[in-house]
Structures are given as structure tokens and as C-alpha cells.
Amino acid sequence: MSRPVTLFTGQWADLPFTEMSQMTKDFGYDGIELACWGDHFDVKQALEDDNYCKEKRAALDQLGLQCHAISAHLAGQAVLDNIDSRHQAILPDYVWGDGDPAGVNARAAEELMNSARAAQKFNVEVVNGFTGSSIWHLLYSFPPVPPSMIDAGFDLLAERFNPILDVFGECGVKFALEVHPTEIAFDIHSAHRALEVLEHRPEFGFNFDPSHLIWQGIDPVQFIREFPDRIFHVHIKDASVTLDGRSGINCSHLNFGDPRRGWDFRSPGRGDVDFEEIIRALNVIGYTGPLSIEWEDSGMERTFGATEACEFTKKLDFAPSNVAFDAAFDDKN
Amino acid sequence: MSRPVTLFTGQWADLPFTEMSQMTKDFGYDGIELACWGDHFDVKQALEDDNYCKEKRAALDQLGLQCHAISAHLAGQAVLDNIDSRHQAILPDYVWGDGDPAGVNARAAEELMNSARAAQKFNVEVVNGFTGSSIWHLLYSFPPVPPSMIDAGFDLLAERFNPILDVFGECGVKFALEVHPTEIAFDIHSAHRALEVLEHRPEFGFNFDPSHLIWQGIDPVQFIREFPDRIFHVHIKDASVTLDGRSGINCSHLNFGDPRRGWDFRSPGRGDVDFEEIIRALNVIGYTGPLSIEWEDSGMERTFGATEACEFTKKLDFAPSNVAFDAAFDDKN
Amino acid sequence: MSRPVTLFTGQWADLPFTEMSQMTKDFGYDGIELACWGDHFDVKQALEDDNYCKEKRAALDQLGLQCHAISAHLAGQAVLDNIDSRHQAILPDYVWGDGDPAGVNARAAEELMNSARAAQKFNVEVVNGFTGSSIWHLLYSFPPVPPSMIDAGFDLLAERFNPILDVFGECGVKFALEVHPTEIAFDIHSAHRALEVLEHRPEFGFNFDPSHLIWQGIDPVQFIREFPDRIFHVHIKDASVTLDGRSGINCSHLNFGDPRRGWDFRSPGRGDVDFEEIIRALNVIGYTGPLSIEWEDSGMERTFGATEACEFTKKLDFAPSNVAFDAAFDDKN
Amino acid sequence: MSRPVTLFTGQWADLPFTEMSQMTKDFGYDGIELACWGDHFDVKQALEDDNYCKEKRAALDQLGLQCHAISAHLAGQAVLDNIDSRHQAILPDYVWGDGDPAGVNARAAEELMNSARAAQKFNVEVVNGFTGSSIWHLLYSFPPVPPSMIDAGFDLLAERFNPILDVFGECGVKFALEVHPTEIAFDIHSAHRALEVLEHRPEFGFNFDPSHLIWQGIDPVQFIREFPDRIFHVHIKDASVTLDGRSGINCSHLNFGDPRRGWDFRSPGRGDVDFEEIIRALNVIGYTGPLSIEWEDSGMERTFGATEACEFTKKLDFAPSNVAFDAAFDDKN
Amino acid sequence: MSRPVTLFTGQWADLPFTEMSQMTKDFGYDGIELACWGDHFDVKQALEDDNYCKEKRAALDQLGLQCHAISAHLAGQAVLDNIDSRHQAILPDYVWGDGDPAGVNARAAEELMNSARAAQKFNVEVVNGFTGSSIWHLLYSFPPVPPSMIDAGFDLLAERFNPILDVFGECGVKFALEVHPTEIAFDIHSAHRALEVLEHRPEFGFNFDPSHLIWQGIDPVQFIREFPDRIFHVHIKDASVTLDGRSGINCSHLNFGDPRRGWDFRSPGRGDVDFEEIIRALNVIGYTGPLSIEWEDSGMERTFGATEACEFTKKLDFAPSNVAFDAAFDDKN
Amino acid sequence: MSRPVTLFTGQWADLPFTEMSQMTKDFGYDGIELACWGDHFDVKQALEDDNYCKEKRAALDQLGLQCHAISAHLAGQAVLDNIDSRHQAILPDYVWGDGDPAGVNARAAEELMNSARAAQKFNVEVVNGFTGSSIWHLLYSFPPVPPSMIDAGFDLLAERFNPILDVFGECGVKFALEVHPTEIAFDIHSAHRALEVLEHRPEFGFNFDPSHLIWQGIDPVQFIREFPDRIFHVHIKDASVTLDGRSGINCSHLNFGDPRRGWDFRSPGRGDVDFEEIIRALNVIGYTGPLSIEWEDSGMERTFGATEACEFTKKLDFAPSNVAFDAAFDDKN
């Protein structure tokens, strides 16, 4: 009756699939959300090799691990981004190619389409991912940003993602954007605008992740209430705001894990996210998909953390009521 | 005994100097901080025309207006920024030129050097300004930003600003960076790093402006305490955090004035800045320069606001104690 | 350019109109909102005596007092309320009659229609008022309240107010419900339901009064944002939450002014209402009507308070911006 | 040494006693607080059938379940309430009768007396219950409520409950009013007044339940400190304040479970009640009775919740210190 | 109708009476509270020289300054304190004498009795002052403090102050202890104990000063409510808690004015005291005496501050209501 | 990999070592921090009897209990304190002697030196303890405290502790002052001054205990960050601030456990200390020593508490990360 608790493998891509899936089982998870990088889920092979998906699924079945979604964050990021050297580090060689920005954008879009085709073959209904953004660097409006530059960024979303979403539609797979800084949608109002420019087409929704909202001052529950029919997938990830008068919310170009930052990611339950209210809100909208832990905490050993996070999430989840309370009072005779 | 209250003309550049200076007087100000754009203070003319500074000063004297600083934010912004079309709108034609980025950077650096020379001629000791930043777009570390990319941004500060600061040194003028998003230093820790990379040379300090700190979660008083010998100038500007669960601190690519934003600028005294504590901290470090109002409030008519802000700031300021309290108890006979 | 500041006479009905209007002028107000009780504005006479409105208006004109609204709170209260002895104290004899509840309800409805007719004659566009509520006593759902009982309360609003609002429509006058405990709408969600059941007919809107919202935990600014086209009139009234661990928000059946209460009304500016944000929200929706002070503070002498409140409100109000700030930066040459 | 943890059956009256008591055992409880409705504890049969109490007790003994109190909330509610159709749903037919209000009030009073007699036979020392209130609908003083109307409500408490409490005294049983909205006492100050009007007679005290206090802004610990000798019984029930700027504390006539409400009941430990401080305060006053869980949470499946609540409460409880700490330092040799 | 605003001269004892009284007038005060040190009010002369009080009063009358209280803080401090070198600095030579502790205590007690006699001659009804404390150094119970040591401290209060208060009684003068650290009563519970040990004799009450309570975490309004008949005099003094994570409330042995402290005194209105609520509480208990400013702010020039404080306090004060609000609604005809 | 969890026996000195060590084992601890009083660790015997340390260690080994530190709080307290009758209760007879203050101070210093020698024999590297303070009673600067009196207190620290620390140096043992009220260092700024006056000699550091900081308004994490190389030992002890408007932070001379106090100690996890952040800060500075529970909670039975505290602390601790997260993203092929 409760939701499956899965582990997203994105932060474990240094480990091979075999080891990672066994560890996921050992940590106590019900399932796994495979990243489309490392050898966790190889989109190219999935399309080229007819046995790939079957064997991958069989391996998971043998461990008793469910898989409800694959994740194509890295390819997605390169669809709208202004490409620079950082992208080479996160893309497969055949997508990066010669690194010419327009070519990278195009190949990343193709890769994302292929992730939908692979998802169909692998029999999962959701591909989680990023979109990137051509206007993220305009976040703060100085030098003054004319509205037309912002409009152009959202128009580009429509231009590049409509063809991609067409493929998703054909495959019967949904694309769940993880609302996140550096993406076209990074908060509630920008998420609304993304939906509007895509004319609310049914293939496009969100991978809800509260950790990216909380430090921006956004109530994650409000996000769920704003988009009840667009929560396609859920990440359980926590973050803590550690402002102390001297640190800043924009974090001084300091990397994750530096104690001088104004916020950082945390193992679930050890940050500021109120997961209780999130479960209740998910119950209200009727979300029945996985609770997928994206584990990231620069201050904690990760196998300890992934185990604890699994227990935490299983304890957290509960089913909604099936009884109207006042009814009991009426049975008075 | 109290500090002069001046008005920064940057947001009034649509008005000619003559009208602006008269209004400043009429609003009740003690002085004016002239922007190096519009016709408020023309760096080029100041250097080319030996009478320019004298006539400008005479015009101010006639109105009884002091001038302690000029401001070169726009040229400064173009020194380190990655140049795009937005810069054309904020730069004079002779700096923009053909718009080739490297050329714009170089001409902006030259313009900033000239602002120091002009300041010397105009007999002001401080040029306020921006630096721009070649790494602002890397604010959020995804795709993962290798430390070397951040290092390169600060190295560029040293490379391009050391020659500029040499000119400031020769002119006996200080450069006061307004710590602000999109600049190389936008919070306390990045301000420390900027000072370090410039080896704390004495020509480089800050134009303290609490409005850019408060919404980042930084206590402006802590900024003053961290850099007691580097507060070269002070802007009185307010901001209000208007988070309501749905708005976000990164403001959804919405322009200033949009009520859906998570924060916005405010007329002094109508936001979240605790100016009382700022005055006390300035008293502690012995700052005796002007309190210069940078007036910006998208929700208020500006002549009303500038008048109110002047009254507010004059009432706010007070002198530190010159008596030790316990001493009085001792005079008991 | 700023909004007229008026004084609502409801709490001053122990004073005759002549004295009250002179005091209002002396306190410094721009205008007056006349209560339809005492002799401040006599609906019956206004309809029966063709000179009544003219003379009343002339008396105000002589004092230089504007009048933008009349208020029929007491008659309105008796339209939906379950009538008991308390209503006799607040109703004219000809409305109370024999006190038979159904008759009182009917005569109160007729009186409210007449207030619209009188408003038309007196040339004001808004009648502020209450509706009463047949379901207020069901506020807390124990014994369990079946939804049908709540439905019936809102249906009764439609049944009784549609004919009333027809008269308002004919007269070109609007009815502004002061959202308030004991009325059919007392918070945001009940206000939505009231509008729905009345099918959003244009004659029905709200007299916004933050003092009734703040102690309920509602952000008054949110009310303005929810109903931008329904704010027909604004009351400036303050309240303070004085919970101290022992007092309760429901106030223990203790009367206003008792220090053991959990909240109480306050002279404007001395309570918890953030009027700054309210003015900004009213600027955003384009409200240009009066700011009408409903002065009530059980702990303060009322003539002192009404004077102070007028000054406070005049200082509070300000006009929205008529300049786009970024524009100024563009005039750089 | 720790207190027994019991389950109140009021919200489970749709289940027969046999099933309910077995479930209570299976959930892990030490005992049960039987509601005097459904077939959980039938006051009428208890008085008419000499074996009823013995058999009921034997059934509980067989399960190893303690029973320290029975609860007569529904009959009690009808003693002071102004009767309407809602009461028919919560009263046995022989109390409701023809539904004539005066008759219902009288028969409810008789039923409450009988609950004391039954308690004596069943060998429990406390009957928990409600009183109802004839003045609850006057909660908000508009139309203005003269003090005499409030006085009358409390006088009625004395008039109707003194005879009832006489019976309790004869039976050696205490009546514990659950301080709760719609009762004559719903917060600290009204509880004081109830005690005063009953002249602090020893049969009358309180069933402490923090869930009804917390959303009123009252600190439950203060309640315990105010009435140390009147805490006859304790309910463990939680509530969460969910105000978000748009919802209101009076909840818009929305039923429990609606996410638009400003507060709602919660499974213990998942709301705002600080049970740690409550246990400490109960330790200070020397309360040794049961901690009885009144489980109600519209967002959670109830068997899951009742199990979790039992574990939570057992973990929560602890014994007070029996050592003076400083003493240990003195044994220094 | 409003209360007189007076200035306490304790912190101005470096200035002679003539200059101080003229300044007090010039600052805008209605009156003066004379310190019994410096030459402001010389207790010895007042008793020895029959013209002293007359001439002092005449000098004040000529300036139009009221005087409602004299203050004997320093002598009072030496009555219960364990005497050390610090007391020499605050006592007149004839009280300090040879500095032998027992002798100093005795002479200080005699001086305090004389202050009552002088007050009678000077025709003021209240002497404000301190008591000192023999147990202040036991504030933190380590090494463990046996209760008997605390008892002894309060017993000493009774032993030494009962004879003093006898003289106050004979003179018809009240002693108002300023509840303050280093005194026998420094918070609400210790004030209760002081009253108890003195058996609530009518000559002993308090000089209410919120600045000593606020940083201890005590709500000054609660102090007024606890002791409604013992507020003999009121000091208007403010304090600000400046905890920032590194500073501590016990202030690290750092002197007033050091920015590293966790709290400090502030000019009225510039600290954390909510004077609005204090005025309301004083209105409720019917206090009609002076509001006497004890001005102390290590960060502000004192003549500026004393002037501002006078304006602030005059604006702050207001009379309570003389109208019942609901009454107005009843005059409906 | 995780830190040993030990129990400090100071509050259990009423129990003999044999019983105490067995209980410590039974409670689940990894080790024990022995108090140098009772018979837990007898400094005198340790020096006089060559077998004492061996036997003590053997007894612990047999139970599998580690011991990393001994604690000499009581002797240390008497080194700087102004001696009074309270010290007799906490000192061994041979230290108290005739009670002459100078003699007690001298013998206490000798005892503290001996504790270092005993620690060396017992093979532990840290002696935790107090210093006492000759200036604690001057905490609040009234009568005004001249800076020279404070200086003298810190000078005395140097004078008396330098010889003691010489012995510690010779023995290769560190002295860890528990920063605590009544000690020379009781907060961050006084701890800095203590280090300065001792010229940062390496034998002197701190036994970090958050319970003494939290109620002073100090962030314990800031303490760790200020003194990263001086955290020689860690106490896990909690405290709760229970201010309610009437209680005060200085606690009214009321003993621990009195509910009228403004703060009190709590069993770990039941107070206000944020241990999560403390563990993370300890991870950052690389502290690898024990987490030693000093259990004190006047409201809880101590064996229950000590057991719970052990579980809490073991669950709390975790190892820092050994993987850079971004690294995983790079392994994309």
C-alpha cells in the first residue's frame, strides 16, 4: 500500500551497475532509478541491442528491485544550455563530438529523444531530466535585461522541446523536469511559464525535488498544490539553510561541502525539508509513484547515509485515511 | 557633526544635470553623488575640457551641494563581464565601439582609469563602481564547475584591475566596489577573496550597500565588521524580502516591481534593513563619509520617495558617545 | 494624487451628525464615511425627504469633507442572522418591529435595498455593510455538521441577497461586504464561496478591513491579491495579537478591552497590520478609493486616537511609480 | 512505573466492542477508554443488567487491557447545548426522544448522571465528557453581546451541573470536562470561570487535551500549571497549525481533512504539540493516570496511525528524577 | 492628562545641578528625578539645612520643572552588598568612612533612612533605589549552593530593610526598588520573594525599569501585571539584545559599549522594549506617576539622545479610553 | 570508525566505582570518563599506590570499557575561586584542610598538578576540569567595575595556571577547561582572553560542552569554529530554554529542577542543542575523541536517561564523506 522507495544512481556513477544494484538491495531499497550515464543505463546500447533492456531488467528482477524511471539529466542539460567546457565532462563522447555548441545542442536533443525510446523498451513510464537554460546567466537583471531576452529563452524551450516531447508522446513516456537552478524552470513561477509556453502538453511535467526549493525560500508543499497533475516523479532529497550572518544564500562561489556556504544538501531528515507535509500533500493529489532518494550530503559517508535515508523514507510514508471521522460519532446506537 | 546625506544620481539619468541638481537641493539633500553617465558627470569632457570640473563644482556650490564621490558603475561592469548586447545599452558609444568583447573590455578599463583622473581633477577622493565578473554565470555549480574556473575569474580581476588601481594610486583616488550580484564580489566571502587576490592594496575597498546583502541572508552589520578599513563609501538603500511560500529568492526571471518576486528594492526605511545597527557599526569603525541614498523602489513615485528618504536618513544618523557612563557615577561628591 | 482619508462614523454614533462632522474636520480628515444609524445618515428620511440628501451634502461641503460611501452594517447583519435580543439593540424600531425573526429578516432586507436607493440619491457609489449569517454558530464542527447545513447557509445568501443586489444594480451602487466574523464570509475561502454562490455578480464585492483577518492568521495582502477586482472600499483598522501562552485566540467570552484576551483592536499603526504592504498591494490592483479609518481601540482615548490615526494614514499613503528604473541606465549618453 | 497508555474508542464506534478491544490489544495498548456510545459501553444496560459491567470487565481482563475511564462526551454535549438536528445524530433514541429541546436537555442530564452510576458499577473513577454550551454561538461579540448574556450561560452550567455533580459525588466518581470548542470552557480563562461558578467543587475537573488548545494559541503546559489539582485525565492528541497566509484559523466552514483549513488534528507526534514539555509538567503535578490516545488524523489510515501513536506515547513517557543532582557532588570522599 | 516626562540625573552627575536642571528644561522635559549624589540632591544638607529643600524646589519651580522622586541607588546598594573597593567610588566619604564592611553597611542604611526624611522635607513621595544583595555572587549554583545560603540572603533583606522601611513609613514616603541585577530582586520570581520576606509591607514596591528585564528574557508587561499595586515609579530605559551566535548574554566581562557584548542599553525607542504595550499595561493598572527617562546609550551622544528620548516618550504616552465602544452601536435611533 | 561514546561519572559519585562501571557497561556505553572524586578515580592513591592505576584499568578492560579522560572539575574550581563554605562540600579533606582560602587555593593547585601526574600513570591524555574564577562575582558591572579588576582576574589565571600547565606539559597530558559559568572562561570572548593570557600554550584547551553555551545565546557550532585546535574533549549535554515571559534567564536564585527557572539541563536530545550541526562541525575540525555524556536532567529518572542518552548519541554520530560528489557525474562513460 505504501509507495516504493527507490535510489537514484546519479551520484554513484563511479560504481558499475552490478555493484550499485547489489548495494541498493543491501541498503534496503525497493527499487532503483537508473541514471543514463556510467553503465547504469546506456541509452545507445538499449536502442542498438535488443537484449540490453531485457538483461538489465532481469538483473534487477533477480535482486527484487523495481525500476519505475530512468534519468537523463545530463543529456537534457545540454539541450538548452549555452555549451562550454563543463559540458564535455558530463556528456558521452558521441554527444559532445567536436564540442561545437550548436552540434552539441542538437545531439543532446537527439539523445533525449532516444532516452524516451529506450524507456519504452525498458518499460518505464517516466524519464526524469533537466532541460538546461539559455538564460540562466541572466538570473540577476544587471546589466538590465530586456524582457525580450527572457522571452527568447522560453521560446527556445518550446522550439527545441516540442519535437522531443513529440517523441515522448509517441513512446507513451513522460518527461519529468527536475525543477532546479540552471534549468529553464527553477521555481514555481518559472515552472508555470514553462508549462504555458509548452501549452500544457501532457508529456511534460515535473520530477518534484524539495531540496532545490527550500533554500530559495519556496514552500515545497505549495509546489505540489500548484501542479497537482504534473507531479510525475518524486525525489527525496534534503537541504539545510546555514545562514549565520556572514554566509550568503548565493554561496560565494564556494563548492558544496564548504562550511562557509549559506546552504547545502543534506541526507533526508537532517535538513530543513518538512517531509511530513510533503507526504500529506502527495496523498491529497493522489501520487502513487516511487519516493526516489537522490542522496547527496557532503558531510556524511555515503553508504551510511543511503542506508539511513532508506529507513527514514520508509518510516515517513503512510497511507491516507479511508474513513470519515465524523461518521464514527453517528453510529451511536 | 553628523554625516552629509547625498543623493546618487544613477537612477535619475533621464534628467539633465541642471534639473537633477536643483531637485536634489529641493528634496533637502546636503550633497550629490554624480553618476558618470547621462550628462551628470562626463569623464571624457572632464579630461578634455579644463573648465568642465570647475564649472560643475561651481554649479554645485551655488546650490550649496557637496560632492564627495563620483560613480562609474557602468564602465566598471564592462571591465570583467563577458560582453553581450546588454552592455551596449549602458555604455557610451566610444566605449562600446564595434562591440567586439575584448575591445569593449579594454576600452572600459581605460574609461575607469579616466574616471580616477577625472575624480582627481574634480577633487573627490572616491570613485564608486562595479567590476563586472567573468564567472557570475557559474554561480550555481551545475554542470559541475571545477575550482580552476573560479580561480580564473579572480585571477582576471587581478590581471585587469591592478593596472587600473595603479592609476587610482597615482591620482590619490580610491576605488569603492559596490558589492552586488554580477560583480566579482557579491557577498562577504567573495569580498574577502577579491581583497586577497589584489593583495589588499590600499586603493581597493567597498561602497557598502546593505540592499544587496539583506536578501542574500547576510547581516549587513557583519560586512562592516569584517572590513572596517575598507568601507570607503556608503549607500543607503533598502530591500524587502517578500517570500510567501510561492515566490522564490531567485525571482523567476521576473523584473523588479513584479509582486511575484521574492524580494525587491525599497525606499529607505520601508524594507528589512536595520539602519539603526548600521549607523552604530559605522560609528564603531569611525566612518565619517557621506550617507548616499541610492533611491530605487518600483512601487513608489520617485520624487515623493527621494524626499522622504532624505528626511529618514537625516533623522537616522547620530553621533557616537563622547562620555563614559560609569564615569558619572563616580562623581558622587 | 494620494487617496482621500476618511473617518467612518460607526463607533461615534453617540454623537450627533453636526458635532461628529465638525470633529472629523478638526481631526484633519479629508472626508467622512457616514453610518446609517444615529442621525449620521438616515436612510428612511433620505428616501422620504427630497431635501435630506442635499442638505446633508451641503453640510459636508461647507466643511470641505468628501463622502464616498455610506455604511449599512447593522441592517445588513439582520438579513441573514438568526435573530435574537441582541439585534433589537442595533436596529431601528421600524425594522425590529415585533421582533419576530422572519419579519425582522425581511424588513432588514428592505432597509438594505433602501440604503442603495438612498446612496444613489446621495450620490455615493458604495454601500458598505454586513450580511449576517445563519450558520455562524456552526463555526466549529461539533456536534458534527453535515455539509448540507453549510450549503444551506450559502444558499440562503443567494436567496436573500440576489433581490437586494438587483436593487443595487438598478441604482448603480455597489454593496461592499466587510469580511468579518459573524458574516457569511469571514476569511478568504469563505469569501470565495460567497462570490461563487452569487455567481460573481458585479454589484457584490468587499470592504477590505485587515483588522478582521490578521488575528485569524490570514495575510491581508493575500486577500487583496485574491480579489483584485472586488475591493470596492478600504477600512484602515488595526488589531494586535496578544497571545501570551494563557490567553486564547477565541478570547474566553471576554469583551474587547479585557487584557486577558488573545487579540484586540488597535489604533492604526499600533497593532500587527503591515499597512506598508497593503498600500503597495492596493497600488498594484489600482484601487483609488478612500482609505477610511474605522477607529476602535479600547485602550486609548478616542479623540487622541482619531487624530493620530489620520496623520498616520496620510503619511502612510503614497503613489506608485511612474518611471521604469532600468530606463534611467539606458540614457547613458 | 510509567503511565498506562490507553486508546479512546470514540472515533472507532463504527466497530463493535469485541473487534475494537481486540484491535486495541493488537495495536499494543495497555488499556482502553470506552466511549459510552456504539456498543462500547452502554450506560443503560450497565444499570439495568447486573452482569453487564462484570462481563465487560472480564472481556477486557482476558485481553489484559486496563480501563480507567469511560467517556460520555455525547450525552454531556446535550446538557447545555441549544438543541438542533445535529444532536439527533449523536444521541441514543431514548435521549433524543421527540427532539423537543428542553426534553433533550433534561434526558441528557439524566443520562450523564447514569454514566456516573455506571462508572461506579464498572469500577472506574473518572467519566470524561463534554458539557455543551448555551452561549457558544456568542463567541464573537457582534452584534454586541451584553455581559449578562455570558453570565447567563455560566449560571446555566451551575444550575444544570450541580445536580449532576451531586450524583457523581455520591458515586465517588469524578467528571472530567474535555476543554474544547463548543463547551462552556474552551480555554484557560473560561475554564477558570467554570470552576468559579461551580465553586470549585471537587467532583469537577478536566480531561486535559492539548490538541484543542494549541491552535487557539494557548500553551498546553500553562493549562497544566494553572489547574494542577484538576487534571483528572489526559488525552494524547495532536494538532497542526497550517496557516499559509490564505487559510484562516477559523477554517472557512471547511470540514476536517480539507487542506485549505488553517489547522487540523494530527496523529500524535506529527503536529505542533510539544509532548516532552507536557510529560514534564505532568510529572511536576504528580499526575499518575493514563495517557489516553484520542486518535484523529484525517490524512492517515487509522490502524497504521493508532499503532504508531501507541509506540510514540510509550517512548515519550518517562519517570521523574528520584535523585538530587548536586547531592552526587557532595560525596566526594 | 498625560503623564509628566522627567529625566533621571544619575548618569549626569558630572554636571552641577544648575547646569543639569537648565539642560533638562532645554531638552523639553516636564520634570526631573534628582539623584542623591553629585550636588543634585544632597541628603545630608537637606536634613541639616532647613533652606536646602526650599531653595532646590524654588530653583526647579523657576524653570517650570516638576520633581516627583529622588533616587538613592548608590547608598541603597551598600546596604546589603558585600562591600569591596568598588563601593568607595560610589559612596560619599562619610558613608564609606574607613571602609570596614559592617560599618559601611550600617552607615548606608542610615543614609537611606535619611533619604526618606529628606524626601519628606522636599515633598516627594517616592525614593527610588537599590538594595544591594549579599547573595548576588551565588547567582549560578556552582559550587552547589545549599538553599539555606539563599534563604540567608533574603532574611538579611528583612533584617536590614524593615528598620529602614519603618522610617519610610513614618515619613509617608515609599521606597521603590529598581529591579536590577546585583539587587536582592532582579526578576519576577525574586521580586515575589522579596515582597514575601517583607510581608508585603506597603512602603516597599518597585521602580519599574524594562531595560533590566528584556535581556533576561522577561516580558516587562508581565512584571506590571504581576505587581499592579507595587509600581511606585517608572523608568523609561531601553536595551537591545545583540546576540549573533558568538556573543553571549553574560557579556564576557566586557564593559558597556563594547560591540562584542550580547546586549547593551539603548536610547528609548532604539532597543527591543515594546513601550506601546507598557503604556497600555500602565493604563490598565492606573499608574499616573511620571515616566522618568534614565538615559544610557554607550553608542550615542547624550544631549542628542536625551532630547530625542523626551520627544519619543511624550509621543508614546496616551490616555486610556473613556468610552465603551459597543455603546455607540446602541445609539441607533 | 565512529567515535566512542563514554559516560562521565561526575553526577554518579554517590555510587561506588564497581557499581558505576558495571552500570555504564549495562547502559551500553563504549567507555567511561572517571571523575576524580568519590572512589571513581582517586588521584592521591594513584600516585601513592603503584598498582592503583593498573587495577583500575584492568577492571575497565574486563568490562570492555575504554577510558580516554579523567575529570578534575572540583579541585580545579578551587584554584582560582574566592573560597567559601561551599567549597568544603566539594573538596577532599586533605585539600580543604583548615579552610583558609589561600591554603585551599594552593592545595587545590597541587591536587590539579597531581591529576596530570595520575593521568600519565593511568595513560589518558586529557584531564577535563574547571579553573574557578576570582572575578565571577563581578559579572554584572554594578557597582561599576574598573577594567583593572577584570584584568587582575585573568592575570591570576596566568599566575596560578602556568605552573600547573608546566606539570601537564611534563606529563604529556592536556588540560581541557569546561567553559562554564563561574569559570574564568564562560563564553567565546572570555575563552579567547583566557587563551591570550596563557599565550596559547599547547597544554591548555577546552572540554566543549554545548549545554553551558546554548542558554547564554551562544551558538555552540561557532565555539567549535573559533577554536578548532583547542577542542580536546567533548561533553554531550543538553539544555532547554524555558522562558515564558515570567521566568528569567538568570533563574531567580531557584535551583535546577524548579519549573519557574528560565532554563535547565536536559537529557541529550530533549533540549535545544542542535547536535546534528555539532557533529558536522566536529567532523570539519577532525575531532576524533570520545563523545562523553554528562547526564543531568532534574526531571527524569537517571538510569532511564543514561540509557536513552547512549542510544541517542550512538545514532547521532556519523563519519564524514570520503567521496567528492561531483566526481560521480564525471564518470559518464
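Every chain is named by a letter (A, B, C, D, E and F) in the order it is written, and numbering of its residues begins at 1.
What we mean here is this: contacts are C-beta pairs under 8 Å (C-beta built on N, C-alpha and C of every residue); 3 or more make two chains touch, one makes a residue touch a chain.
Here's who's who by UniProt: A, B, C, D, E, F = Inosose dehydratase.
No experiment lies behind these values; they were computed from the predicted model shown.
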Farthest-lying chain, centroid of Cα atoms versus that of chain D: B
Pair with more cross-chain C-beta pairs in contact, given C-F and E-F: E-F
Furthest chain, CA centroid comparison against chain A: E
Chain pair equivalent in interface to A-F, over half of contacts matched, among B-D, C-F or C-E: C-E
For chain A paired with chain E, centre-to-centre distance based on mean C-alpha positions, whole Å: 63
Whole-Å gap between the CA centroids of chain C and chain D: 40
Approximate Å spacing (C-alpha centroids) for the pair chain D, chain F: 46
Multi-partner residues of chain F (at least 2 other chains): 74, 89-90, 141, 143-144, 219, 222, 244-245, 255-256, 326, 329-330
Chain C to chain D touching residues, read off their complex: 74, 77, 81, 85-87, 89-90, 135-147, 149-150, 153, 180-182, 186-190, 193, 213, 215-219, 221-222, 226, 241, 243, 245-250, 252-256, 260, 262
Residues on chain E engaged by chain C in the complex (per definition of touch): 1, 219, 222, 225, 276, 280-281, 283-284, 318-333
Interface residues, chain A side, partner chain F - complex: 10-14, 37-38, 74, 89-93, 244, 255-257, 259, 270, 296-302, 304-305
Residues of chain E defined as touching chain A within the complex: 244-245
